[in-house]
Structure formats: structure tokens, C-alpha cells
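Each structure below is given as C-alpha cells.
Here chain A shows up in two complexes: once beside chain B, once beside chain C.
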Partner chain A sequence: MDVFDIFLLEAVLNGILLGGLLALLSLGLNLIFGVIDVVWICYAELIMIGMYAVYMLHVQLGWPLLAAMAAGVGIVAVLGALLHQFIIRPVLAAEPINQLLVTGGVLFFLQAAATLAFGIEFRNLGVRMAPVAIGEMSFSAPRIIAFAVAVAGVAATYLFLTRTYVGTAIRAISQDRQIMPLMGADPDRLFVITSAIGGALAGLAACLLVLQYDIHPAIGLSFGPITFLICVLGGLGNLVGGLVAAFIFAQFISVGGFFFHIEWGYVLAFVFFIAVMFWRPQGILGGK
Partner chain B sequence: MARALPWAGLVLLALVPLSGIGNYPLHLVISCLLWAYVYTSWSIMGRLGLVSFGHGAFLGIGAYAAVMLWNHWGVSPWLGAVAAIAVSALVALAIGFPCFRFKIVGHYFALVTLALSEVTRLVIVALRDQTGGSLGATPNTALAQGNTWSLGALQFSEKVVWFYIILVVWLGGLWVWARIDRSMTRLALEAISQEEDAAASVGINVTKTKLFVTVVSAVMTSLGGVLYAQYQLYINPETVSGIGISLQMVFGVIAGGMYVMLGPTVGAVFTLLLAEGLRLALGEHFKQFPALDLAIYGLLLVLFIIYLPKGILGAALDAWKNRDVPQFSEK
Partner chain C sequence: MLTLRNVSARYGSFQALFDVSLEVNAGESVAVIGPNGAGKTTLLRAISKLIDVSGGIAMNGRSLEDVPAHEVIAHGISHVPENRRLFPRLTVEENLKMGAFLPQSRGRFAERLEFVYSLFPRMRERRSQLAGTLSGGEQQMCAIGRALMSGPKLLLLDEPSAGLAPVVVQSIMELVKRICREGYTVLIVEQNVRQVLQVVHRAYLLETGRIKSSGTAAELLDSGTIRKAYLGL
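Moving on, here comes the complex of A and B:
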């Protein structure tokens, strides 16, 4: 019974580590929804592009890993701004569902572009790190790094939004799109900045994922859905709700995967999501 | 004259297999019709403001219910289809009732249904001992000893037979679409999709009306899944369920035109012709560009939604309607 408990504890702790990563994954998407009121269905594909960028710069061009990661964050940030400028802006006034659908077209395009450029082979950085052992439990080092960086990323975003002038303007425009332009805030500019920040967060998530997972063109589909569901579960646009939801989901996946098979962990998480939607359609922390 | 045109078109279509086209072109026509039927099924609810990202769930239930019952217990796919219809109707009710009761609409409805299609895919993968997991499954063949058909097992090696089966099913799908289009249900749902509370205030039972079209659409889609499995004789969780195929249905309909009867059909034809056209145009080089058709498709979808939100057929019909209207100036 003793052994059983320590492995359960390991699953719970691994769930917390995963939760940090999922929190970062969903943060950018949530921020964009909260401010611009648009869901980027292709968000996970931006992360995939970031992973490929890091892979190409580090493995094929021989850049140092940290430089490649910094460039990766920059590339995805630019992509985010371009996505807003050329694809979201023309449909901002259209029906909400069209905005959802237009980024779906981008999803297909990015997935296909990655297949064209890199083929369907699985690729990885080839970075190996020794697992960290605590007592009888062991944790993978990339997961611990991912957790630490994700928490730092979430904190930095929070500070940016609350302590800087631009951050304050972004929060203001998310509350009232009509009035803020009268106060001298330029929504076009703020939306592009927000999209770039969302992209940068996706790029940061890409740097952390690329340490743990192989890259392939369809990888976005494997963690895209969970990212959306975390945002919806927390209340779309509610950043704190998203964080709470990320940790809840991570526990379902980790502990559910411990008792059953890993897919059942995901099934439980999704079923839990659907059940919560019926109980609180506005999300666990969303207001009425 | 204009009334005779669709019938003439239909007769021509029905004569296609007799024209002696090869097996591969016939396969393309059958695929077009099958996907046209599935897209039409989706559009029955999609056009009325219920944009589902979860129809992969119903397609998957149909495909796997029929094949699993046949492979494990030897139950005929005819009964399998009945089971698939029953299960998908129940799932549609189970997901639809709370959604509509609690007014989950728009983004939220799309994302809840997306969760449903992922649940279906993951359950199929997780039950790998029964379903074959990600490797997929093949219905046990009933065509031993030179038989070319087995009605009980719904297996036919002649493509012509499949052509007529799927032609009839596609026509059935269009008929249902037209029936709903001419019914009070459509008027009620159009009112609902514009202003739900106002619709309720004039005595429309919002939940019941939405549930009705959802169940119809789900059941038709799952029947499409049964036929897909029996025709292709191979299914796997990625191609019949999950987010990929669910989005493909949505976008096929958007490309063709969501608000006209043949819009989803045009979308299906367009999608297949795009892939085949590129294959022909690139010839030998096609293999070097594994996802070029998907890349162009994605790009076109973005352009369609921005510039042609009514889809190909919708825009074409609008242009046709406005062709001879005299232009009066404002003054």
C-alpha cells in the first residue's frame, strides 16, 4: 500500500508540473479572446511553427539552443501580429462564427505548410536530460524547467497587464471597445500588440514543448483541443479562471492516466469539461 | 424549362456508370456523393446557426458501430446501422438537451461539440483491444469464393452498386434538407438564431426545435459513417472522428455555400477536384508536395470567409439573380 501511495503522489505532482505548462499554453489564447473577442482555432499550429523554428535554427543551422529559442519566440510573435493584421482584421465586424472559421482555414494552411517544408517524419532536438529523483519518485527535468518557465511567463504577463501603460490600455479596451478610442487609445494598434504578445506566449510554449515532445505537422491537433477547453472551462477571456482550469485538467490527465490508461485520463477530462459546461456554461470563474 | 433542368441533370448523373468511365473516376464520383451527403447532413443544423465542430463524433459512431458489431458478433451492418442511428440519436440528445436548455450558443456550442468529437476519438483509441486503436479496423470480408456481393453484409465489390446506393442516399439527404427548408421548423430556427429570447416570447419552443434538427443531422451523419466504412472497407479513428474530420465538414460546407441546397455538394466536389486537379497538374511531381492541396485549400478557405462568405454556389446564384435587374440611379 505504501508503494501505491508514493506513485499516486508522483502522479499528482506530475499533474501540477503539467498544469503549469497547460496554463502557459492557454494564456495567450485566453488573452486574445479577452481583448479582441476572437478565438484562434489555429493557436496550437502557431505553437507547432515555433517548435519547427527552434528545431531548424538549433539542429539544422547550428545555433545555440537559447538563441534559437529566443528567435522562435520572436518569429511566432511576428506571426501573431501578421495573423491579426491580414486575417482577423477584415472579419472583425463579421459574425463571430466567421472569425472562428477563418482561423480554421489558417490551421489547415499551417499544417500543410509544415508538411511541405519538413515532411511527416517525427523530429526532435536530441536534447537529453537526466531525470530528477526525489525519494522514490522521479520527475523529468524538462517538465520541471517547463513548469518554472511557464510560471515565470504567466507572472510576467500579469505584471505587464497591470503595471505598464500599454498593459493598462489593453485591459481598458477589453472592457469597452466603443469608449476607449474616445480616450485616445488606438484599438488597431492595441489589438496588434495583443496579438504579438499572444504569439510570443505561443512561442514560449513551443520552446518548452520542444524539449519534451517530438515535432510533427499534426502535433497541433493533439494538444489544440485541450487548450481551447481549458480556456472555455475557466471562462473564455478570464485569465485567472484559465489558470485554475489548467491545473484541474492536468490532474484529470495525470491521475486519470495513473489509474487507467493515458487516453482515459483525457476522456475523463473532456467528459468533466462537458459536465461543467452544463453546470456553469460561463466557466468556473466566469461572471454572468 | 428551368424546372426540367435539375431532372435532366439527375438523369445524366444516374447514367454516369453506364458511360464506361474507369473504376478510378467512378470512385471519385462515389466519394463526392458520399461526402456531399455527409456535408448536407451537417448543414441541416449548421445553416440554422448551430455550428457544430463535433460531427466527427457521429461519423465515428456510425462507422465503428457497424464494423464492431459485424466483426465481433457477426451482426449484419443493416442492424449495425439501426444501432448506430440509435446511439447517435442518444448522444445528440445527451449533448444537445443541456446545451440548448442552458443556452450554450456560438463559440461555446462549437467548442463543447469539439470536446465531444475528441471524446469519441479517444474512446476509440483507448478501446484498442476491441477497435484496433490508431491502426484502424477492416470489416471481415463476406466475399469469399468469387462472390461479388453480399447483401446481408452490405459488401459489394462492384463500384456500380455503391454508386447507386450512395446516389439514393444523397438524394434522400437533399430531400430532408428541402423538407426542413420548407417547414415551420426552419422559420422557427431562423427566428431563434437571430434573437433567441424574442423567438421564445412568441411561443416557439426553442429547446425542442433545436433538438429536433440536431438529432436529424446527427442520425444522418452517422448513417454516412456506416456507408463510409462499408464502402472503403477500412476505418481509423483519425479519419472518421476527432477534430480534423469535424473541421473538414464545416469547411466543405462553407466553401460550397451553407444556405443553398446544393451548396454542401458543391463544397464536396470542389474539395475533391482541388486535390485531383493538383494531382493531374503536377503529375510525377505530386509525391514531392505531400500536402499542397491542403495548403491551397486552407488559403482558399480564408479568402472565401473574408470575401465570399456565402460560398461558391451561394455567390454564383446571387450573381445569376442580379444579372438582368435594371439599375436605377438614386436620383
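Moving on, here comes the complex of A and C:
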């Protein structure tokens, strides 16, 4: 193979690895919108809190890394449930703009709280892993781990939503909210469970990102917009659309970055997003 | 089995039910008939606690006053809502599964599913089809099947014949008869007066939120006002 072809293949494979991670990032936000009809603008800030949780438990308190990560997932899951119970629930019947502003307020609150608690310096776990060489290509180990765990997380969510009573009820309530009580299901409880799952997915994403990126109070701004755009590109609330959009976006970033410059990859991805919005404003797989 | 004493209900400033009292005995099938907007759907929504009511509602002697909507079904009352309200993007079988959502129903899911499929063989054929793609008659079967999945004592049926072709209405009415024969107690709300009076034991006439008359199906079929206003005779 030509050197150019090998580098291109490497870029495509890296794009697939990134796609898995982006798919996980968008899944929680998409699930919450699809079921509760509220956009958590502060979703990436929950991820930021999860990253700090893993960092504090592992580096400051000396917990084993996996234990710290499990606790991180749990902490963000609880945070998601609390966010619904105390912030979203009171505005559930309000105008969408009010719901957006409320979660936007939480975004700034969490950023400011993190700045107060942890300061603005960049922190990292200090985990170093050797790159994985396949033939003449080399891949970053945290990216491979992130891909594998993200795929497992997406698969577990899929199985939960299709195989269990509560999971099926979560899909059902996204289609008809009023009659759920006739099935014997408490809508409030289903919404809290959905929010906890969305939080847990954000926590899982935090565990994977903390292996690759430094932590700081504004790190959410690096992932928040792209997560939201992926959901919109796939059709807001459409879980399968979100997964497809994540892999398309990742290829633009990775292959586009290979042909031009890494920053250009993002530019191409956003240009593609804008073009799609003209062509299909409801998203690639959106029905409305 | 079900007793309503002076039940009133309102939507904001609009009062939909005025001091409605009625009774459904075990093993009976009872219809509530009346014109559009009489409050028939509201009556069933009141029993299911989907709206706030004043007055007394009791099931087997136990008051439903402090029972939230999602616990009414645990008292043995299952409600087939107006317009069927299936979950359109769930399969037929998933819709039936939602009918067995109560923890105490889940253990008997397979057994009840078999019962519903024997009652509606068509549903077995369509089990993995999305409910939104069923025909109107099939959707009604699925909605009734879903309500039977919790093994209720009392079935509330809201306009099962609405929006269906006349020949399908006939088969839905046959179905209601069969459900009564299976031992379910049924409270059915209908505009299709002539046909529903063929299948129920007793009926109440509801007009502008008030019970105007009641009696056995035969008595109401003979009564002058009903013949004139609802049967066009």
C-alpha cells in the first residue's frame, strides 16, 4: 500500500473510533429530549462534573481508577435525577424557551461552581498508555478503549430500552404521555429514571474523555455544541439518527482533518451540518 | 362492584359532570349512552382519576379518593381510552406488554398474552408489526387486548366503535359481548346507541353532564324519548 493510502485508512479508522465516542455523547441528550421533550443545554457540564469526580476520587483520594470511574457514573446519574426533580419538573408544562433558559442557567451555575471548587488550572489523571500499532498504522489506546466502552454503553442502552418493562415504558411514554397512568406507570417516576440514565451516560462519557483530555471548568464548551449538533443532524430525539450522525460527523472531522488540517475537519463538519439543515431541517432521520 | 355517588367534574370553569351516581354490579355489562359532549368520556376519565373529581368513587367497597391515576389499575379497573391511544411506534406485542406493566401482572405475562391471542388470533399474526400500521378495527382489538393484560375485574370501554366502518362496528360489538361472557364486568360508553343496547344488560342516559334516565337495555330500547332522540324512530 502507498503511504498516502495507509494514512488515509488510519484517518478513516480514527474517525470510526471517534464516531463511537460521539455516539455515546449524543445518546443521553437525545434520549432525554425524545422522552421528556426538554433539551438539557447543560449536558456537557454534567460530563465536566463527572470528569472532576473521577479526578478527585482517583488522584486526590487515591481510589483505584475503575472504582473512581464507577462512582463517577453513579454521581452523574444521581445528578441527572436531581436535575429533573428540582429544575425540570417545575417547568415541565412551561414554554420551551423557559425550559431552555433554565437548563442554560444550570450550565453557568455548574461552570461557576466548578471554578470555585477546583480553580481554573488544567488537571489530568496522568495515565499514560502506549499507542497500539497495527501494521504500519498506530492508534491511541485511550481512543480504542473509548470506542469499545462507548459501543458497549450504546448496546446496553438499546437492550434496556427494548427488552425490559421499564425500558419499553420509556419508549411508550415518549409517544403518549397522558395515557401512561392507565398502564399503571407513574410518569414522574419514568422521567426520573430516564434522567438518571441520561446522567449515567454522561458519566460514562466523562470516564472516557478524562483519559484523553485535561479537565478544566470550561471543558463542557468543547463537547457541548458538537453533541447538540449531532442530535439535531440525526433528528432531535431520534436515537438511531443520532448514532448515524455521530459517525458521519466523526468522518468529516477525521478525514477532513487528514486532507487539510485538523481544524479544517471541524469546519467541514459544520459546513456539512448547515447544508443539511437547508436540505432537511428535521435532520437526516427526523420524521417531523 | 363500582359505585359512583354524586360525582362532579370540571375543566377549569366548565363543569362537565353534575352529581352523577351510578352502579355497576359484578358480571354485568352496563352502557352509558348520550350525545356528543354529554360528558361520557369525562365520566370514564373521572373513574380512572385522570381528572380531579368531587364525590365518591368506590371499587369493591374501597374508596378511590386518595388513589393516584397510575394505581387505579391495581384496583382491577382497566381503561380502553377514547381513540384507542395505542403506542404507534411500538409493536403489537410491546403494546400488550405495556398493559402488563404492573409488577404483579408481569409474572403472568405469558399466560395472559396467550389468552389475548386466543381471543384475537389476528393479533398473534401481527405481533411484531408496529401498532400505528394496523387497521382501525385491529387497533381496537389491540387496545382491548392491552387492557386485558392486567387481568382486570372491570373494563372501561370508551367509544370502541368510533371511526370504524359499520361492518367493523358489528364485529367490535360481538367482541364486547364475548368479553362479557368471559366473565369481565364492562362499563361501556357509546354513541352508537342501537348497537350497544343489543349487547349490554343495563344502560344510563347521560345528557349535558347529568343522568337523565336509566334502565335495562330492553326498557331503554322501548322508551319513547330514546327512540325519538337516538334511534330516529
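In this section, the second predicted complex is superposed on the first by the 286 of 288 C-alpha atoms of A that agree within 3 Å, B and C clash if a C-alpha of one lies under 4 Å from a C-alpha of the other, contacts with A are read in each partner's own complex, and residues count from 1 in each chain.
One rule holds in what follows: contacts are C-beta pairs under 8 Å (C-beta built on N, C-alpha and C of every residue); 3 or more make two chains touch, one makes a residue touch a chain.
This one's a predicted model, so the numbers in the text were calculated from it and none came from an experiment.
S.K.: With the two complexes overlaid on their shared chain, look at chain A and say whether chain B and chain C clash or fit.
M.R.: Superposition check on chain A shows chain B and chain C fit without a clash.
S.K.: Have a look at where A:L13 lands relative to chain B and chain C in the superposition and call it first, second, both or neither.
M.R.: Once the two structures are laid over each other on A, A:L13 reaches no partner at all.
S.K.: So, A:L92: does it touch chain B (first), chain C (second), both, or neither?
M.R.: neither
S.K.: So, does A:P181 touch the first partner chain B, the second partner chain C, both, or neither?
M.R.: The answer is second: A:P181 touches chain C but not chain B.
S.K.: Rounded to a multiple of 10, tell me what angle the C-alpha centres of chain B and chain C make at the one for chain A, in degrees.
M.R.: After fitting both complexes on chain A, the angle is 100 degrees.
S.K.: Applying the document's definition of touch, where does A:R171 land relative to chain B and chain C: first, second, both, or neither?
M.R.: Touch status of A:R171: second partner only.
S.K.: Between chain B and chain C, whom does A:F273 touch in the aligned arrangement: first, second, both, or neither?
M.R.: first
S.K.: Using the touch criterion from the header, give the chain among chain B and chain C with more contacted residues in chain A.
M.R.: B
S.K.: Check the superposed model and tell me the shortest C-alpha distance between chain B and chain C, rounded to whole Å.
M.R.: Superposition on chain A places chain B and chain C at a least C-alpha distance of 13 Å.
S.K.: Which chain A residues contact chain B in one complex and chain C in the other?
M.R.: None.
S.K.: Provide the residue numbers of chain C that touch chain A in the complex, in ascending order.
M.R.: The touching residues are 48-50, 68-74, 78-79, 81, 85, 87-90, 94, 97-102, 105-106, 146, 150.
S.K.: Where on chain A is chain C touching in the complex?
M.R.: By the definition above, chain A touches chain C via 165, 168-169, 171-172, 175-176, 178-187.
S.K.: Which positions of chain A touch chain B when the two form their complex?
M.R.: My answer: residues 39, 41, 87, 90-91, 94, 96-98, 100-102, 104-113, 115-116, 119-120, 217-218, 221, 224-225, 228-229, 232, 236, 261, 263-264, 266-267, 270-271, 273-274, 277-278, 281.
S.K.: List the residues on chain B that touch chain A in their complex, please.
M.R.: Listed in rising order, the residues are 51, 95, 98-99, 102-104, 106-108, 110-112, 114-116, 118-119, 122-123, 125-126, 242-244, 247, 250-251, 254, 289-295, 297-302, 304-306, 309.
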